[in-house]
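In what follows, structures are represented as structure tokens.
Two complexes follow with chain A in common, the first pairing it with chain B and the second with chain C.
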Partner chain A sequence: MTSETLPARRPGLLVGALADKSQVVLIGLLVILCVAISVAAPQFYSVDNTIAILRQCALVLIVAVGMTMLLIAGEVDLSVGASLAFTGCVAMDVTNRTHSVTLGALAALAFAAAVGLFNGLVVTRLRINSLIATIATMMILQGSVYLYTREAVQNKHQLDAFTAIGAGYVGPIPIPVILAAVIFVLGYVALRFTLFGRYLYAVGANQKAARLSGLRAERLKVIAFVITGLCVGVAGLVLCSLMNAGQPTAGRGFELTVIAAVILGGTSLAGGRGTLVGTLLGVLLLKVIDNGIIILRWNQDLQMVVPGIVIVLATWLDIIRRKADAR
Partner chain B sequence: MPQSPSLAASAPPPLFRLFVGRSEFALLVALLVIIAFFSLASGTFLTVRNMTNVLGQASLAMTAGIGVAIVFISGEVDVSVGSLVAAVAIPLVTIMNMTESLALGVAGALALGLVVGAVNGYLAAYAGINSLIVTLGTLFILRGGVYLYTGQTAIPDDAMLESFFQIGNGRILDVLPIPAAIAFVLLLVFAYVLRHRPFGRQVYAVGGSPEVARLAGYDVRRIKFTCFIISALLATVAGILLASRLGSAVHVAGLGFEFQVVAAVVLGGVSLSGGVGSLFGMALGVLILSFLSNGLGMLDLATEWQLVITGFIIIAAVGFDEVKRQRR
Partner chain C sequence: MRADPLETAKEAAVPALEMRGIGKRFPGVIALDGVDLALAPGKVHALMGENGAGKSTLIKILAGVYGKDTGTIRVGGRETEFRSPRDALRQGIKVVFQEIALISEFTVAENIFLEEYPRIAGGSIDWKRIRAEAAALFQRIGFDVDPAAKTGDLPVSQQQMVEIARALAHEARIVVMDEPTSSLTPKEVELLFVVIRRLTALGIAVVYVSHKLDEVFEIADEVTVLRDGRHISTKPIGAHTHDSLIHDMIGRRIDNLFPRVRRHSPGKAVLTVENLSTDAKLKGVSFEARAGEVLGFFGLMGAGRTELAKAIVGYDPIRSGTIRIDGTPLVPHDTRRAVGLGIGLLTEDRKTEGLMLELPVLQNMSLASLSAFAKAGFVDEGRERSAVQSFVDRFRVKTPGLGQAIKNLSGGNQQKVLLARWLMRGLKVIVVDEPTRGIDVGAKSEIFALIDQLAGEGLAVIMMTSEMPELLGLSDRIAVMAEGRITAVMPRDAATQEIILNAAIA
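Take a look at the complex of A and B:
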């Protein structure tokens, strides 16, 4: 039972030493994959393709940053996929009505943050397990997005600024990648160097102890939900801009991809453990696999099978590695 | 209930919540309120035909829910059922098309279910991987596998066996749908096993506190392994019933089914942290969601409204239960 005693044994080193070691497996897998795909298909190892992979990572990573914080605090949000689609529709609709990309973006952020706040309040006030509470929110959002709009909301005025959010470049780097990088750095600093970050780990590791030592556990969790919501807002905006329309059907299964990436990165579902660097590696690994399958011209349906195997395999390898460490 | 004292005495603390008391009672009231409301709101709701229809629709989630609830009680999670119900239909229909035999088809489906359950159980119980990760993995793998194998189309049932049609669509005495009867029998059997057989107590003990259960001499890993097998086999039965209702192996069958089942199981008072809950609670959870969706459908509300209202009711029901529990 090494996995159960580890976090208790050295709670102070959670962020540092423990995390670095658990990423060895991921980095190893990532390197092996990249080399293998490059050998089989040289075009994998090109600037264009690297940028393409990064662009695909951006959307997942943006939401995964919030989700990592939430899982560290001991909660989970399954409504992000449904919220992503709804946010995109809101962003497009408001932009169409007001002719202002800024207002559209603000509306998207406000909407997604409100969903996060709702989740947070339901989980902390009504004390509903977040898995079931956010399944319920997912249902509510999936239903109400169709009540809001039956078909995709098109970009009526064809505003260039709106398209730029998802498809634009600064120099050679796509804007979504920059957005993801900024959010990642913000999240990394918040988790690693601020009191807020430490408190999140404390609340997730042992809510009762955290509360007894004077932390406002509930409030911290609500903040984590709202942060996740804001991340979904940004991602929704990017996705909507990429598709140049608000699609009510977008984002199906997105929540599972995000959670898979975060868990793959070594963040514990039980709370109190996890790092954003791990999450980044998890996202990269999943997206390199996706990209490899496309480049090698394998059947696209393998994009579901292979990540499934990799998630289980990576976690298994990590457990074996940890057992070997403990000996 | 003569058995409850002995149960409580032999088991870890969470077990005392097992009594068919408060939590299930509140669910029963909720179910009756829902039925009463829709009976008044719609003339066709409270008819034998409609009631039995709902039972038939509920039987799929009920059958799979038994297994998922048992896994939850043992302290683990199984979300692979959504893909498994689609996957087992492939050997079922393929073998039936080749051999014209329902028994062989069912055997093929159960064999696949057994393999999936064993893989889930081995990885979660023996290799020690978090069961949400394991079953999320198998959820992806199975669905991807179904798409790959079928090329994203349905496999039609060419054998057209009457017996195969009957298990999903037939009615006993022209009233009770056969799937509902199957689900009900399975519910009774497993409720009996969970409450009155040693295995059942072991499941509660393992879920309540694995450490205590281990010290008490239970083989924790074997018990959890068995729970995953049970869950996969019951999901297989649900998959067979679904295939019969659909009349083919449909590649998109059961998409989101795992959410539906998990929602019903948790609504029924089965705790995600293990050791708590009963199969009757789960059954009430399934019935509440089924009657709700049927009733809302009768009111000519768009299906979208059904989703929204169901979501709110889950929050209200679980929230109410939690708030009440804290007051006590």
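Take a look at the complex of A and C:
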């Protein structure tokens, strides 16, 4: 039962983490899905398509890392989609004005982190439920991005470095995938091995107990919000680079995809429980479904329907597994 | 004295309820194994046993929450079965659970008639009649509460009365009360007993589930003891002594519930509180606690014990006054610094303020001392694990492993883990608030021994309690609170129940 919070019994072994009981259902679903799609459409099982899937995963995974931490700490951020779009516009605009990708990137990170900080302060200082607070932030951002720019911010200078962030490769591997992998590993280490990670679980599991034990619960939550913001900053930069413009309309519904992936990965909305390995599997599952629907030439609208069904199914199977475990 | 419960019951009348050979198994556990229970109308039947003895399972079968696997149930001589809580209620059985099952947003009257509202022509609800009938029911049990009050605004004791009134509204013949006094003040307990006697006068059979021996001796006519899912004994209460009842419950004799091994006299004052006031409750509280002593705080409910506990550990804000630990003033409303100075609270409310229920024993125990196992922000899990294991061994925490979710442990073992959480941290002052609430007799004496041991190791222990035996058995000095003030402080040897109660009522 440790498994639910401390995935690997022997620290550092990815195998140990993957063999975790709570992920069995997801791994099973993923394998079945991959085999089924491969049988129906052999081109699914190719290097190119695998890389394409990973690339599609990257954007969601980057933000999902922060979101997993936030959910573990017992909070949620629904403003990540709106923030993603705004961040992209800021990144593009600053890059256009300064001719500097570095400054553009820093501006994107600073903006998104500031949004996270704002969310964190509203939730911890004003004690507003994070669901409500971040819906409000989402609305504020969705509206104010139009005050900032009426239409898409075009890439004026076409700097190579800027394009590379989203579209570049190192060897055969897309840069966004590398970014996602680095963020994932950092997040994994932080959650699994550091004091900070352990405290996040504690605060999410029982904030009062954590406070009585001398933890600064509020501060930890603010940090989790800021980390989520930073993840959004990276993702916003990638998205903006991919689209070669800052799109104020981008990112609609993105927050739901991220949260769906995290929940699918077994992280509890109630806080205190969840793993990044689960989140990774959740993201993979959703994106394999997406990819399968495209490859099989099914109706694209199913891209929303099928994941919905899968979330219900996976959550239900997880409940059954848990009951079986308890015996 | 020969006592066959079934004989006595038959002599009285047909039993109101008769359960025979009740068996129930859950995957991996036999919860009940051939248990008998016979209830006579108009009598109070106490059901006792340690946690895990099978009391709850038996009650839940009575309530229709669980089905039985084997055995027979007769109500008024007729064999029957309870398919659901609603079904049980229809057959005249009302269970008042510890966690009160009322809708807090509804009025008292609405809650009483929740299952079936009286209606007027056209199908709309007859509010007038509901209020009137609720008031009439309260009169019958001799209880004064406004039927139009919002249920959630009432104290637990009154909500309990609402539940009991609900039983009457359904013309229940059997009322089961599960640990009804666990959150009541002594005065409220007396009131409850008055109501229970009224119920029995109406010919209702009452099942009284409790850990508290004194209460059982006061209110019960008969007592059935369960242990490990088995029926151990059923006797008239007169056939029992405290010792024999405990013996039946735990299968061994506890010679001394309050083992005292401390010999040396207390040291210097480690905690000094001066003129402490809070917005909520406390008014100019001053006292000091010395190293190596147990300072017991007694007070009736609402006297301010929990408020004091939470203020001096930096959890709640204060208005004025100072708190010093070894001379260093504590920054109010900052638990982190308070813990750093060496004061911590073992909370009264384990579930909502102490335990991380879903998390394993390991995380629960190491929570307060985790930073001591960390280097450059990384936790050394090996060291953490071995430290936790050593406390599990030393405190004899019964758990299958460190990875076991703490919610699966018994109350006593959970409490040991929480105590260990603080001991690992190394404190100078520990505040324990109702340390044995909801813990069964066997584990209680272990917790007492641990508290005694803590003081023996030089900690200042501040114990908030509403249980007189605990207070007198464990304290070196006793402070009594009433309405947010300390009304008396005395050495244990000078204390009697009368002196303490007088100070508590003042």
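Basically, the second predicted complex is superposed on the first by the 308 of 327 C-alpha atoms of A that agree within 3 Å, B and C clash if a C-alpha of one lies under 4 Å from a C-alpha of the other, contacts with A are read in each partner's own complex, and residues count from 1 in each chain.
As a convention for this text, a contact is a pair of C-beta atoms (placed from the backbone, for glycine too) under 8 Å apart; a residue touches a chain by one contact, two chains touch by 3 or more.
Remember, predicted model here, so these are calculated numbers, not experimental data.
When the shared chain is aligned, chain C comes close enough to touch A:Tyr201, but chain B does not.
Contact with chain C, but none with chain B, is seen for A:Leu215 once the two complexes are overlaid on the shared chain. The partner of chain A that touches more of its residues, comparing chain B with chain C, is B. Shared-chain residue A:Ile311: touches chain B; no touch with chain C. In the superposition on chain A, A:Asn129 contacts chain B only, with no contact to chain C. Once chain A of one complex is fitted onto chain A of the other, the partner contacts of A:Gln158 are absent, as it touches neither chain B nor chain C. By the touch criterion defined above, A:Met138 reaches chain B but does not reach chain C. Shared contact residues on chain A (touching chain B in one structure, chain C in the other): 3. Chain B meets chain A in the complex at residues 123, 127-130, 132-134, 136-141, 143-145, 147-148, 152, 259, 262-263, 266-267, 272, 302-312, 314-315, 318-319, 322-323, 326. For chain A in complex with chain B, the touching residues are 3, 78, 122, 126-129, 131-133, 135-140, 142-144, 146-147, 256, 259-260, 263, 269, 299, 301-309, 311-312, 315-316, 319. Those residues of chain A that touch chain C in the complex are listed here as 1-6, 11, 193-196, 198-199, 201-202, 205-206, 208-216, 268, 272-273, 327. Interface of chain C with chain A (complex): residues 27-28, 313, 315, 335-336, 338-340, 344-345, 347, 352-360, 362-363, 367-368, 370-371, 374, 377-379, 381, 402-405, 421.
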